[in-house]
Amino acid sequence: MCVHNETSTGVTSDIAAVRRAMDAEKHPALLMVDTVSSLASIDYRHDEWGVDVTIGGSQKGLMLPPGLGFNAVSQRALSASAQARLPRAFWSWEDMKGPNANGYFPSTPATNLLYGLREAISILHEEGLEQVFQRHWRLSEATRRAVGAWGLELLCLNSAEYSPSCTAVLLPDGFNEVEFRTIVLDHYNLSLGAGLGKVAGRVFRIGHLGDLNDLMLCGTVCGVEMGLARFGVPHKAMGVAAAMAFLKESASVSAS
Amino acid sequence: MCVHNETSTGVTSDIAAVRRAMDAEKHPALLMVDTVSSLASIDYRHDEWGVDVTIGGSQKGLMLPPGLGFNAVSQRALSASAQARLPRAFWSWEDMKGPNANGYFPSTPATNLLYGLREAISILHEEGLEQVFQRHWRLSEATRRAVGAWGLELLCLNSAEYSPSCTAVLLPDGFNEVEFRTIVLDHYNLSLGAGLGKVAGRVFRIGHLGDLNDLMLCGTVCGVEMGLARFGVPHKAMGVAAAMAFLKESASVSAS
Amino acid sequence: MCVHNETSTGVTSDIAAVRRAMDAEKHPALLMVDTVSSLASIDYRHDEWGVDVTIGGSQKGLMLPPGLGFNAVSQRALSASAQARLPRAFWSWEDMKGPNANGYFPSTPATNLLYGLREAISILHEEGLEQVFQRHWRLSEATRRAVGAWGLELLCLNSAEYSPSCTAVLLPDGFNEVEFRTIVLDHYNLSLGAGLGKVAGRVFRIGHLGDLNDLMLCGTVCGVEMGLARFGVPHKAMGVAAAMAFLKESASVSAS
Amino acid sequence: MCVHNETSTGVTSDIAAVRRAMDAEKHPALLMVDTVSSLASIDYRHDEWGVDVTIGGSQKGLMLPPGLGFNAVSQRALSASAQARLPRAFWSWEDMKGPNANGYFPSTPATNLLYGLREAISILHEEGLEQVFQRHWRLSEATRRAVGAWGLELLCLNSAEYSPSCTAVLLPDGFNEVEFRTIVLDHYNLSLGAGLGKVAGRVFRIGHLGDLNDLMLCGTVCGVEMGLARFGVPHKAMGVAAAMAFLKESASVSAS
């Protein structure tokens, strides 16, 4: 089991490499991947990468309210499920298989969200999935340029695994992220992500997934930069300029 | 386990009597009740009737889109759950207990529906719960008067258990409910409930719960009566008149 | 100047005949027609009938909130306007002509309603304009059958001019329409049209235009019939039955 | 007749001073003021300033879709209107006076917008009108700091008349505002205001009225700054920094 985009750390895993490693060992395990914070914002290939079970949700890259979850299930996983002896109820796929083949559900689905999903998918295809993924990478790189210019540290150390949908930033020792986020929310109506698990208290997160463009990101980066000043975090007030410089230069490239 | 309002048969169970019978036998079982098709349309008392687990949903009497489920859980059920050894994941209350105490959730809730729920509850209280329950009983009785006047049979034989939220009607032998409902849907844009389980093919159901008033019910009854004629079901075309007669007479009473 | 569908009396005028009469007299007047309560519910031909100025609104047959008005203007009317010496400001077409040629407006339009208008027109075309007009005629005839069965009188005496979008009904002497409509609104949440002008106090009106189907009309007729009983108006309680009989028989015809 | 906030130039007029000048001359003219782009974003006093007719609209400071216009009319203006002999139809207040006294309208109003208006007014009062006006002044000053830092010129030369709702900026000779705005719209999805009248081609306008906060303004200023670079307009890329500096310093002040 692994997470495609690890939202608490801002790390995107190389799922294809995980599968290659499993195959190299001829390991019989099924591969299950959580794409909640990557689906429709970061390129992902259930079939091509040999994933057995993919899990997603409606409320991030798909730009919908929360309320829908998705399972993509390989034939291998379905077979394993048929033979498994673990007691199951909610998590069983059996009830779903029959009605789903005809586009129905074994119980009442969140109908309104299904209409929203149809429109969300249409919006994504109008832009083009390649363009959507490229947009998120650009916005994430602009965010990282801002973090670097502030003199702060990214939690993710391996640049090959930077997340296009979420950037986790370390605050210097002595500065608590909960207080920082409260100040930013109260003064700028900007909701930053909390530090989770081991890095609670030390890390805040900037989300840049879903329906987001250059100026929405600029506003976000401005809010963080003003918040750092207000909270007294030592930093260089050059983050916004760095983000804008990258947005300008990368837009030129993409236009050529 | 029992169902407060049995939607497939149009029967409302006497939950308090179930509890009294259990108590008379000093039976240690927990009492679990499904209120999906009764909550907020039929009077129900989780605490007063000594229910241990009550289950409800957003999409019927609460007049919301589908997407929210509710659990009301007694202290006894929580204690039993703490000692139970059945493997649980989704159905476990443990994760919910902590955050719920402060109005939060262990995972992302269907936020938009929570706003809708607040408004739905406010609408119900504006009318008054007693008035809401009385309204549904009146509309259900008008429906039954129509059924009787048509010369058709109710599936529910015990008048003490007639459902205020849903009426199940038997079609005469040789008339299939699926074809009947299709004709009514196609010609009158009226969606009747299907026969379920043992009575599939023989029973159709008229829902009269949630946001419904006298004239919406009248339109419904007119649609069924015209559908019976169109499908060639032997009946007396007196159902609408009977429903209206009852609505007139019962409104006079309630106004006095 | 004339009104295509006279909403206070439930009379639809024969606009083509008006034009023919004007032409027969070689009368130079421009012909101006109000289609507020007919547009998109009753067949109307601005060009074919030789109308010079047609006025319409968004809030009836077009099924939109109120807020948009429409002018269709013949070349003859534009020329007359160019030479007219009547002082004009709001009613002048001059400011509109330039920007309108490119789909723009000289001042800020009610933008949101324009999006709604696009969808409304699409809904009308999905059904087909012929079908829309036929539907309204059917529903109006069912309404008139109800009125006749009640033993009440239509205000419109010439059956060739019955309105497909609105039926005006005379109450017997001694029964005030304002009180009647108040009772119907209070008890059945059904808003009937007021008597206007000369027939104020004596006439109530049943609207049946826009987004309306058989069962919505049935609910309406039921509400009027129950209201007549409640207000003590002498009538035969056969109106609903007559409306349903016609809806059944005319649907059979249209389905063949 | 004058305009409270002149949207094409970004100038707010001192209406009270206009009235004092008129009074000093004992001039009998009525004073009519257009508040379309100031109402609910800039302090305005119809009664206190002795204005006779105030005109407003729904689509700017009131944060509604376009579709409602407002007239506030003094007793003096009503009397003058009663004696005036200018032909009037749409602009006459006579039809409105009767029904308006009871909260009604002589013709069908844009009902949906009236519900929106009620909510908009409630939102404004929750924040407090003083706070709303102060917020717009702060955001406008941040905008002007950005313009100054870019080395561009404001069209409004008198600092006492700077508009809190709209800032008009001169582009250097040789740079056309239409092309500039097109680039900004295409690359940043930011819609700047056109140069109007005499300054068409030379002036672009930044709107900062209605529902706007610090970060939305920051995003706007970032978009203009990136657009200036992209269009090759000579400027110092210090506007965003200047706006942020002011927002930080003024927020500190207002918090104390």
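Points worth noting:
Per-chain numbering from 1; labels A, B, C and D assigned in written order.
Quick note on the criterion: a contact is a pair of C-beta atoms (placed from the backbone, for glycine too) under 8 Å apart; a residue touches a chain by one contact, two chains touch by 3 or more.
Quick caveat: nothing in here was measured; it's all calculated off a predicted structure.
At the far end from chain D, in terms of centres built from Cα atoms, lies B.
Equivalent interface to B-C within the set C-D, A-B or A-D: A-D (over half of contact pairs identical by residue number). Work out the mean CA point of chain A and of chain B, and you get 40 Å between them. Here the CA centre of chain A is 54 Å from the CA centre of chain C. Residues of chain D in contact with at least two other chains: none.
If touching chains are joined by edges, the resulting network of the protein chains shown is one closed cycle, each chain touching exactly two neighbours.
Residues of chain C touching chain B in their complex: 187-190, 213-216, 218-220, 222-223, 225-226, 229-230, 237, 240-241, 244, 247-248, 251-252.
If you check the complex, the residues on chain D that touch chain C are 57, 59, 65-67, 86-87, 89-91, 108-113.
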